[in-house]
Amino acid sequence: MDILSLFILVPIISITVLLFTKNLRQARITAMIGSIIQLSMAINLVFSYFKERAVNDSLMVFTKDIVWFAPFNIHYSVGVDGISVALLLLTSIVVLAGVFISWKMFDLPKEFFISLIVLSIGVYGFFISMDLFTMFVFFEIAVIPMYLLIGIWGSGPREFSAMKLTLMLMGASAILLIGILGIYFNSDADGGALTFNILEIAKVNIPIEAQKLFFPLTFVGFAVIGALFPFHTWSPDGHASAPTAVSMLHAGVLMKLGGYGVFRVAMYLLPEGAKEWSWIFIILSVIGVVYGAFSAIKQTDLKYINAYSSVSHLGLVLFALLMLNKTAWNGAIIQSLSHGFMTALFFALIGMIYERTHTRNIAELGGLLKVIPFISTIYVIAGLASLGLPGFSGFVAEMNIFVGAFQNDSLFVRIATILSVTVIVITAVYILRVVGIMLMGPVKNVAYLKLERVTWFEKLGILLLLVPIVGIGVAPLWISNMILESLQPFIQGLL
Amino acid sequence: MIEGISIYDVLTLTTILFFIGVYGFLTRKNLISILISVEMILNASVVNFVIINKYLYPDILQGVIFSIFIIAVAAAETALAVAIIINLYRQISSVEVKDTEVMKY
Amino acid sequence: MDFSNFLLMRFEVILLAVILLLIIGEIFITQAKKDAVIHLAIFLFGIHTAVGFFNLDDGSLFGGMYRTNTLIQCFKSILNVGVLILLLQSGDWIQEKIMKHGRGTEFFVLLFSSLFGMYFMISSGDFLMFYLGLELSTLPVAGLAAYETTKRISSEAGIKLILSAAMASGTALMGISLLYATSGSIYFSDVITAISPDSLTILGFVLFFSGLAFKISLVPFHFWTADVYEGSPIAIASYLSVISKGAAVFILMILLFTVLKPLIGIWEKLLYIIAIATMFIGNLFALRQQNMKRFLAYSSIAQAGFILLGLIIGNQLGAATVIYFVLIYIFSNLAAFGVVQAISLQTGKELMSDYEGLYRTNPNLSLIMMLALFSLAGIPPVAGFFGKFFLFTAAASEGYYFLVFLAVVNVTISLYYYLLVVRAMFLRKSNNAIPYFKNKIYMRLGLLITVIGILILGIYSPLYEYIYELSINLQ
Amino acid sequence: MNISYIILIPAIPLVVFLLLGIFNQRIKPSVSGYVGVFGLLASALMSIYAAYQYFFVSGNVDGVFQTFSQKTVWMNFTDSLHIDMGILIDPISVMMLIVVSVVSLMVHIYSRGYMKGDDGYTKFFAFLSLFTFSMFGLVLATNLFQIYIFWELVGVSSYLLIGYYYTKTSAIAAAKKAFVVTRFADFGFLIGILIVGYYTGTFDFETLNNPEGSAILNWASSSFMGLSALTWALILIFMGGAGKSAMFPLHIWLPDAMEGPTPVSALIHAATMVVAGIFLVARLFPMYYFVDNGFVLNIVTYVGAFSALFAAIIAITQTDIKRVLAFSTMSQLGYMMLALGVSGYDGHEGVGFMASMFHLFTHAMFKALLFLGAGSVIHAVHSNYLKDMGGLRKYMPITNTTFLIAALAISGVPPFAGFWSKDEILVAAFEQDKLIYFVGVFVAGLTAFYMFRIYFGIFWGKDNTYEHTPKESPLSMTFPLLVLAFLSMTVGFIPFSEFISPNKVGFEAHLNYPLAAVATVVGLIGIALAWVFYKKENSLADKWAIGFGMFYKWTSNKFYFDEIYMFVAKKIFFKRVSEPIAKFDRKYVDGTMVGIGNTTVGTSKKIKGLQSGRVQDYAFAFIAGAVVIGLVFIYFWT
């Protein structure tokens, strides 16, 4: 078994074991052990990657290729570069944190953890796939458990939200499907065989006309899950209704599939299409960036705030990807990671606050710093990270994006860049608004004085997420180098 | 081959027969009448087969054989339909089409 | 004369033997042990199915009226497997509801006769054999649809089916007669060479096509479907939706790809329009169904629309994807119908609202239902996804991107209503949820097979490769 | 010169911060105070040692002060653009090290007394350490991006410290305001950095500031809307500096920032962080001077001068003593900006630059002293308002004396520190622009007036009766006062021009006696007026206030700038932008998506009649379908 396929296999084993668990205790411990194994595998992968990279300078390492559907030339083909490695690490951390946060999932615990792990299989598979078909399969595997997770364990208008989210994402994947088929049937342009393999297709010069036609489909297909304006509306409702761990995984990991897919498929395989269409998507993504931030200002539900902030932050990812240069791409990937950790952390904290106070309406909360200092302090830190404070990962990402975007010297892009830089101000406004209203101020409800202090598993979950945020923020060079190195061939493909 | 009658005349006749059957099917209120109309539709094609065979391809009797089978099958079909109609009649004491509209939308 | 030639008709011969054995058996089985008929039927049919897997030579009989090849055998085996699952699933129902009236044997005889007709339909080498097969496959089903003689809607379903079927066969015959007029022969092998796209041929083709489209329930020839499914016993609805439809798809494919190949310019346009109409109408009607049988009926109409995406390209790839899809569809739909049947049998409830809270009382059934629905919707990793993906790939291979686009839009719509069922079962909690019950062995076996099929068929790629190789026969 | 040990100067506060921050709950308050103080003491000693080394031992080679730097790549953007982390040692950074470490040390010591018994004692010291670390990082920055990073960090420390009393609504609002307003300024700063990075290909100060370097020589290579790109960049960078240094019109956060604990106001909002803007312009001075022939410096001058005047006028009418000091700070910062703006580059022309730094240095001492003194008073009477004070000289002799020294220093009375630096500024202004000079002199008079207004108001004036008799503060608080008072008296004698100049070559600066005399006289007049108005309790001030009428009202309301900003923020951005967007999102964007779903379901309902249930209708559809399709194919598609 190769090192990457284990990422699929171990969760499957976890699920199999979970099927035989009897109660919450057994279920969560099984899930935890499974996730810890995953995390250690991911960490191991990082180190092995560096080792392998030193001796192997092919685009993807640890590749494994098995023919699956020969008539279609579909392969089960996996491999990673620095970008996937980073995202795999993100996933494994967020999943483990999610398990910790769901420590007290009393309702149907077994099913909950199974769905959660199925979701993670989809994500892992997506990140390691080098074959468009398997990539698409894993993409859908990742999306569908959301319906159950939100629908069964959610709150509020959970059925509606779950349905909306699922349908919009599946609708997007439907569009994506056409894009993928379009790429597939043009992959023989240079006389070779039709193929789904990304690396093979990248070597082919897909006809310009086809690129122009299929780029928008591929882009939109992926970008919907990355909350591209105006297709982002599944996200606020979905996040608001989802249980904590699911919001974490969804915003933290699942939404990254969008950016990653855009990058790996749309940009890499259809560069001419990207150049042709980038202007319209730049406009949309900048609207998303500013618009998400402005919307967040007016929200009163914590989860909505965070959801709109995700729209804004992920808008930056898409924006950066459209800049078509290394620095911005690097920023986009780091932003993906950083947003993944940050937003997962946020949702975790919101979940803890909700569990204690039974409200997410900031108007009803107040003075939490006094009653639950640990959670509140971390919330402030997460907030600061979110508004791009140096020393946290968000800053590194944003600066890369801005500097990268500024390398592009058309006036249009300049204006777009400057507009998107405004988020550093708007973000500050909505983050500080929440901090001011919810955490500071007098304690609004006497019942809050008796709130339960933070528990060990919650602390563990929080720390898991906080460490990488600070880690990337303080010493960005290693991760940035890992990513930059992997970006090189993509840039060459573009030029 | 019938003197003085071209194949077109016969085909026109069968077409008319076919559409009479269709018309009957669409307008009769009684299930039995509908069944009779179906017979007309089938018979239109029976005549068709025979005429085409006779006029165009008189060497091999494919069409004629075909028409025999059609008659046989039509009989079976009618028998079954009548059986079902009788069963329906036992339950609702009616063979009107409008009484078979319980399931819709 | 060498009778060994008749071994080419092994499927038909054995099935006929099974039918006769059952009829004879009925004479000897005492009233007290009537249930033995069920075991006997299932056992015999199981043997028949197993024998069907053994290899058989290609060849033809009766001067080309009957022909067989590996692909056709494959079809027949697929149908056999479907019928076997169906028998397993409906064994309990027959025992409890039909045997009381002492009409068990007839049920099997009629069912097998219909299957017998399908064999001939698929194997037909000329229009006459085709017509006979078609009628033989339809008429017994009409009887079966009206089998629950005490239920008004059952009779209504029967009458609707037989009248519509008569209309359809009348139209189809008219079409065949016109084709006969233009080509001069009813033998397929002659038709291929003689046919050309002139007006009369086109008219004949369209009329003929409508007869088959009726069986596949393509829009606008689909209207009988929902009513008949709802009224008939679930076993029959299930049979109509998978076996009958599957057989019709096979023969339509054979005809289009071989006999009517010269008309491809016509039928690809025809299929294009009808595919779109079928998908949309099926899905839009399915959206608001409450009765599970009716719901599955519309869903099966929509699925038929998807099948056309594979047919439209008219080559090996299309054939392979269609067969593969039908195979998967049989398993998925049988699983869904199986669950509906199990619940209906135990509680008599068939409405979606009755399913609320099902997961908390009957988790296994709910899971099977969910897998089946996901497979129908096309969600990986269950088989339906692969079937649909390949169909779309097939359509896209000839540049039908817009059609694929509409199809994927429809996948999304269909996902909505499949999720409605999932919602009822998993998301809702209900005080009067269907209480826990245990199924009998046949039903469990039947469901188990479908589940295994749903889980394995997609991922296990050699199967598709095998079908793909067989499909070369249709070139 | 070996500069590697200098890294410890910021590192120690960082370690202290992490220590106190992480073990916040477990550490005893008394211990945490000592940890903070001794940590900073070490930093301060090292700073002084470094200054000694630099200025007197090894920094000066052939009359030119050398620049030493040590850096390591922190983040790569492109092949040429990268963020370095490191330390840059040149005259102004060494000077700033002294300022920051000394004032911070004093504030740390002072806080041990001032914050005694507070719940968040440890947290407070942690934040102070964080701030100190960030400030050190800022002054030692080797490149634009590094300075931006620490710029943000001081901003957030400021946020945390202003909002230290987090249960007080006003403190929360003030903290938020401070952060958002400076963030808005940083928006400009960041874009400026981006422009610089793109057009010069470097962020590094040494490269950028080199007068013979390509960055400066090619400043005109690209232009945008009539100005060169670099000019725009410098304007935007100045915007960042103006935000941090509370220049008009980005000053509105500074008065509100007084909601923080008084030691914080002394450290951050008087002595160190607010001068970061001045420091930034000074740091990039060669660029400002050479690019576009100093065009941007004109802006700097006028913004500085206007802010100085504007703030001084407002300061007269405020009744909260900390706010008076805040506006005074703003006014003095304007002074420094102004001085930078009028400065030249070579030799004696660089007197403005030198004066600005000099004033920065002296101002840090006496303004910190003023704030700490005010804190001592507030500590004693538990109120910020002038009306609750009066006659305190009897109760608090040390505070009284030190406050007086500081007031004299800021008023420019010789021989106190302020006199020397202010004189240099006026000299520079006089040589450059007479109008600016007169503004400067006028502001000097106003400064003396309002400063003595509060001095008399606090320590003389009416004899208030107090519920709790005010007591002199403990030694931990008076000790820093005494130290700073000593410094306020003496630092003016430092021959600053020999150490600090734009081109890093020392020069001789002489006292310009006529100008010095004018300034001193104006200052004394201000003091005298204050004496008349406020020495004894009388109604003169009120009469005059009524005399000024509208003007007084406008002034005491700070010219309604808060209200304007509030209007823009609340009424325009919240109500007219944010709210409509939020609604638009729900109603139209989301509405469209939901609408698509509803339309589908609606269509489904509408067409249900097709399935009528009547078998004849089905047959009709069947036959009509077949016939229509057939005819269409025959007549249209063959």
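Chains here go by letter, A, B, C and D, matching the order in which they are written, and residues are numbered from 1 within each.
In the analysis below, a contact is a pair of C-beta atoms (placed from the backbone, for glycine too) under 8 Å apart; a residue touches a chain by one contact, two chains touch by 3 or more.
Predicted model only: the values in this text are computed from it and were never measured.
> Does B-C or C-D have the larger number of C-beta pairs in contact?
If we tally the contacting C-beta pairs, B-C comes out ahead.
> Which chain is in the middle, if each chain's centre is the mean of its C-alpha atoms?
Answer for the innermost chain: A.
> Most remote chain relative to subunit A, going by C-alpha centroids?
Result for max centroid distance from subunit A is chain B.
> If you average the CA atoms of subunit B and of subunit C, how far apart do the two points sit, in angstrom?
27
> Let me have the rounded angstrom distance from the C-alpha centre of subunit C over to the C-alpha centre of subunit D, please.
That pair's centroid distance is 78 Å.
> Based only on mean CA positions, could you tell me how far subunit A sits from subunit D in angstrom?
About 37 Å separates the centre of subunit A from that of subunit D.
> I'd like the Å distance between the centres of subunit A and subunit C, where a centre is the mean of that chain's Cα atoms.
Going by mean C-alpha positions, subunit A sits 42 Å from subunit C.
> Which subunit A residues sit where two or more other chains touch them?
Each of 167 in subunit A touches at least two other chains.
> Going by the contact rule already set, what residues in subunit C reach two or more other chains?
In subunit C, residues 159-160, 163, 167, 171, 226-227, 416 touch at least two other chains, as defined above.
> If you look at subunit B, which of its residues touch at least two other chains?
25, 34, 100, 102-104
> So, with touch as defined above, which chain pairs make the list?
A-C, A-D, B-C, B-D, C-D
> Where on subunit D does subunit B make contact in their complex?
608-609, 611-616, 619-620, 623
> Show me the residue ranges of subunit A that touch subunit D in the complex, using the header's touch definition.
On the subunit A side, the touching residues are 164, 167-168, 229-234, 237, 291, 294-295, 297-299, 326-327, 367, 369-370, 384, 387-391, 395-396, 399-400, 402-404, 406-407, 409, 417-418, 421-422, 424-425, 428-429, 432-433, 436, 439-443, 475-477, 480-481, 484.
> Name, in rising order, each residue of subunit B that touches subunit D in their complex.
Checking each residue of subunit B against subunit D gives 22, 25-28, 34, 97-98, 100-105.
> Sort out for me which residues of subunit C touch subunit D in the complex.
159-160, 163-164, 167-168, 171, 197, 199, 202-203, 206-207, 209-210, 214, 219-221, 223-224, 226-227, 266, 269-270, 273, 281, 284-285, 287-288, 413, 416
> In their shared complex, at which residues does subunit D touch subunit A?
Its residues touching subunit A are 73-78, 81, 83, 145, 148-150, 152-153, 156, 159, 163, 166-167, 169, 171-173, 175-176, 179-180, 183-184, 186-187, 190-191, 194-195, 197-198, 573-574, 577-579, 581-582, 585, 589-590, 592-594, 597.
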